[in-house]
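Next come two complexes built around chain A: one with chain B, the other with chain C.
And then the complex of A and B:
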């Protein structure tokens, strides 16, 4: 067991546990976006930062990736942490304002407006879909391409992937794209029609209605070849 | 040469090579690093060979093709050893005269180096640029042909390895620790302490040593010159490291944009293997160590150690959370120690001189020398090696010769994109890890870009942010988006669209990026913004409040006009590529601001200073 201090409270956790798990085990809330139980820690969204260490050596680390260490002193909601989190969520809000998840997080942190030039991006590159595809679906059909500002998620060279089984897991775990592909049945959470060999959207030739994450859509291309 | 089977064999071979007397005869030394070759050093080599053959001087006059000596601005140059006569910017046609003079022990006076209008200086060591340096590492470059292990051996090479083998692991680590050497890659972590950590790791599965030669800072090229000019020193440093830490595999991670460095270091590895200095049971001892070259595909972030490890493993170069540190879990999960090129190059020196003599140069806590690439608005550019703790003023004014034009030096940018700008008022600052960090910059790997009054600091910050925006791996949201947003705001300010609120937001954002990113790239990405805001806030305010760029760099804020000094000579009218200048002969000309592209051509050609830029 590892013994550490979180917000002044002594906590013991198993070796290998992350700071996020340690904090959650005693009920300290830490907001997260890219973290998901069952997927490996990634540390992309930077929302879960906490302050570790003391004095001049204190610094912020992402709690979802940082392993709990003996005698570590952690603060999950210090002024420095909250200031940083507010800026992180403001940046998220500036890029991806339509996400209900992000709006709620911003609201909870007291961020009511953002001061940057408004963008309308649909992906925050949190990597949940990539990890879902590789780790839970054992497919590895999608991954990150490019770096810096040209980084994106998709299949290699945007070609339909043989590894993709059209399970829709990537859509399901996405925290940003509130508009999941529902095709003609908006009341459904996910249409799932693309899992069929003859998806309804392809039959009607109404690709515009698709909000499929896979761009270009794999299902319809495969279906189109079979017709 | 046959493989060496013992330390005594090595000593005997060195003695035989040194006794050949190659060093006693006058030798034409031609630096042909990348900088030299770009300026035609290979033409000089060809001309020299032809002359030596034609004059039947082979055997009486030697020829040595080396790596860069540091005075890159004067390439292609020729050095006549052992006297040390230095000829700058030599044309191939002059080679005959130089060789003829060397054969008769004379000097070609009119080809010698002169500082401006000053007197001609004969010997390289008397030129202020060289005289004020402490060339412990760079000085070796002129002694050895990097493609010949014989040269390196004859000049005392691989003696440190023999000393290390004789001493054993603990004393080697203790010696490096006592030397006080700190990592030359930028962060300044004590090298000896790092070695000790690796030595303590269990080594059943093997351990790695890595030489980080993924030098990517704009304007910095020390590591390239070290690898090109003296690759065996790096190999020897790593071998000593293997003795000290028990590592059995080595990797030199060098960026693919350095083809000559890759070639030289690959040749050096081949030669060392042939001599039995790399491989199984080196020199008949229990030491087994081999080195492999891995070429980086040109991502700046791969200089960060966890990203570098992933790149070596063949994965996408993205940093990961530390801990676990590479010393605990590195390449393929094995303990891995990563040191910069210059750090490895210093190791043989420590073993040869001893820790005490090594630490005699430099200051307390910052021992030894550091190589900087001095570039920008300074009279003498090139690689300079100074003791740690030398002041910025000494480097820029005494060695670099001060500003290039009439405009005074305003600031110096150290540490590349992760570093910051230090104003001229603080040039008394000693160059060491701690002082530079306290001043808001970093030592970095050693880039030093000098700026004068014609450099706009907002534009500099914008340039570096544009670089980082491209080079951020994109994994961390705050690094990817933070650099993009900082660049966006800086871009707005340089286009005259900034507001005081922008400045506040920029500062808040910069601090958040510094705090919340995962790796060193993100954590230092805000430095260009924070340091310019700290020292040059007035320039930012000038842009925002008055829509004026004091350095006349930001095009959107600058207008060109012709004042009464105009004689109507028409030079600007003819030179203007946009045909924006009108005016009759011998009458004052006028610039049509609608057509003006603000290229600055008119300023360059005007002999009367009649073009006003404001």
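And then the complex of A and C:
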């Protein structure tokens, strides 16, 4: 067991636990976007920043990737932390203003203005869908492409992937696009799954397990109508 | 699962298979494998990426992510000549952007693109490490110094006719036949005391408290005359015997990894010598004594 102090409260956690898990185990809320139980920690959204250390050596770290250490002093809601979090969520809001998740988080953190140039992205590059696809669906159909400003999530060469089983898991976990169905604009769909109005899951037995997240599923509804 | 990942591109890309086999299909060697595939094919075509994914046991999207992340990998065919203009801070303030625009106008393509005839690929770099020579343009490995938009056309015509190969061809060895100190310009070659029948370079050396004169073989770059433990150039500081300017170069030898010694050869080429006999030549255009002093700052 590791003993550390969170917001002045002594906490004991298993070895290997992250600060996020330690704080949540005693009920201190830490907002997150890219973190998801069952997926590996990624540390992309920076929303879960907490302050570790004391005095001049205190610094901000992402709690989802920082392992709990013996006698560590953590503050999850100091003025510095809240200031950093407000800035982070304001930047996310500037890139993805339509996301209900991000809007709610911004509102909860007290962001009342939008100082940055508004963009209309539909992705904050949190990597949830990429990890979902690789770690939970064992498919590895989508991933990050490019770097810097042109970094994006999608399939190799922008072609429908052979590895994609159209499960919809990527849409299900996305905090930015929120199950927004894009089947009328297939070229904008992440994997082109919705564009395929053939019911892939029932007709061809290419996959041992479908593990489907589509709800409602366009393909299944069409299949039901045909019956 | 593997059958459905399906490699619809039929041909098995035997060259890629051989490269992957040389790295034992290691997942960790992905970048090395991609570099070799690019060297063999000129760029990274889709079938090659699929083959790499298959041979390394990674998903295609992993390989694609790496290939699209690094600037040095190209997913599109590249031109016969690569023109790389530096846009680092030093080159930028001296008009690097205008040079890029001139190149772009002259070639009719934007940075990162290849001319339709497949002759030139125009690239920009964020720093080429030759700031004193800026704005720098590198064509097929040859450095052109202090480029301005007016010089662009001449550089391109030179590139079409083929810039002098900066390194010795197979079976040949770059031999320093004329060498001067990059700082003071005085000769370093001493014909009176040859090593292996060729004039040797005379230098001052300092190592572990020992100081004295030493000589470097022009043939293989081996140091002679210093104490035994100083035989490796790595631990020896070398100086010009005339002006005491340091001759050790920050660049390391690509073969043995030891820091090189740089001298200026007669035609303005900066020659980096090292103990393994692999002498690399970085060409810099020399125009008058001013440029010569700037080359010295490189080393």
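Criterion: the second predicted complex is superposed on the first by the 181 of 227 C-alpha atoms of A that agree within 3 Å, B and C clash if a C-alpha of one lies under 4 Å from a C-alpha of the other, contacts with A are read in each partner's own complex, and residues count from 1 in each chain.
Methods note: contacts are C-beta pairs under 8 Å (C-beta built on N, C-alpha and C of every residue); 3 or more make two chains touch, one makes a residue touch a chain.
Predicted model only: the values in this text are computed from it and were never measured.
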Under the superposition described at the top, does placing chain B and chain C together on chain A give a clash or a fit?
clash
Does chain B (first) or chain C (second) touch A:146, or do both, or does neither?
both
Does the superposition put A:49 against chain B (first), chain C (second), both, or neither?
first
Is A:173 touching anything from chain B or chain C once the two structures are fitted on A? First, second, both or neither.
neither
Pick one for A:39: touches chain B only (first), chain C only (second), both, or neither.
neither
So in the superposed three-chain picture, is A:102 touching just chain B, just chain C, both, or none of them (first/second/both/neither)?
neither
Using the superposition on chain A described above, determine whether A:125 touches chain B (first), chain C (second), both, or neither.
first
Looking at chain B, which part out of 98-106, 134-142 or 440-448 clashes with chain C after superposition?
134-142
Overlap of the chain B and chain C interfaces on chain A comprises residues 144, 146-147
Please give the residue numbers of chain A that touch chain B in the complex, ascending.
41-46, 49, 59-62, 65-67, 69, 80, 83-84, 87-88, 91-92, 94-95, 115-117, 124-127, 144, 146-149, 151
Where on chain B does chain A make contact in their complex?
299, 301, 316, 320-321, 323-324, 469-478, 480-485, 488, 501, 505, 508-509, 512, 515-518
Give the list of chain C residues in touch with chain A in this complex.
1, 4-6, 8, 46, 49, 59-65, 68-70
How about chain A: which of its residues touch chain C in the complex?
134, 138-147, 155-157, 161-163, 206-207
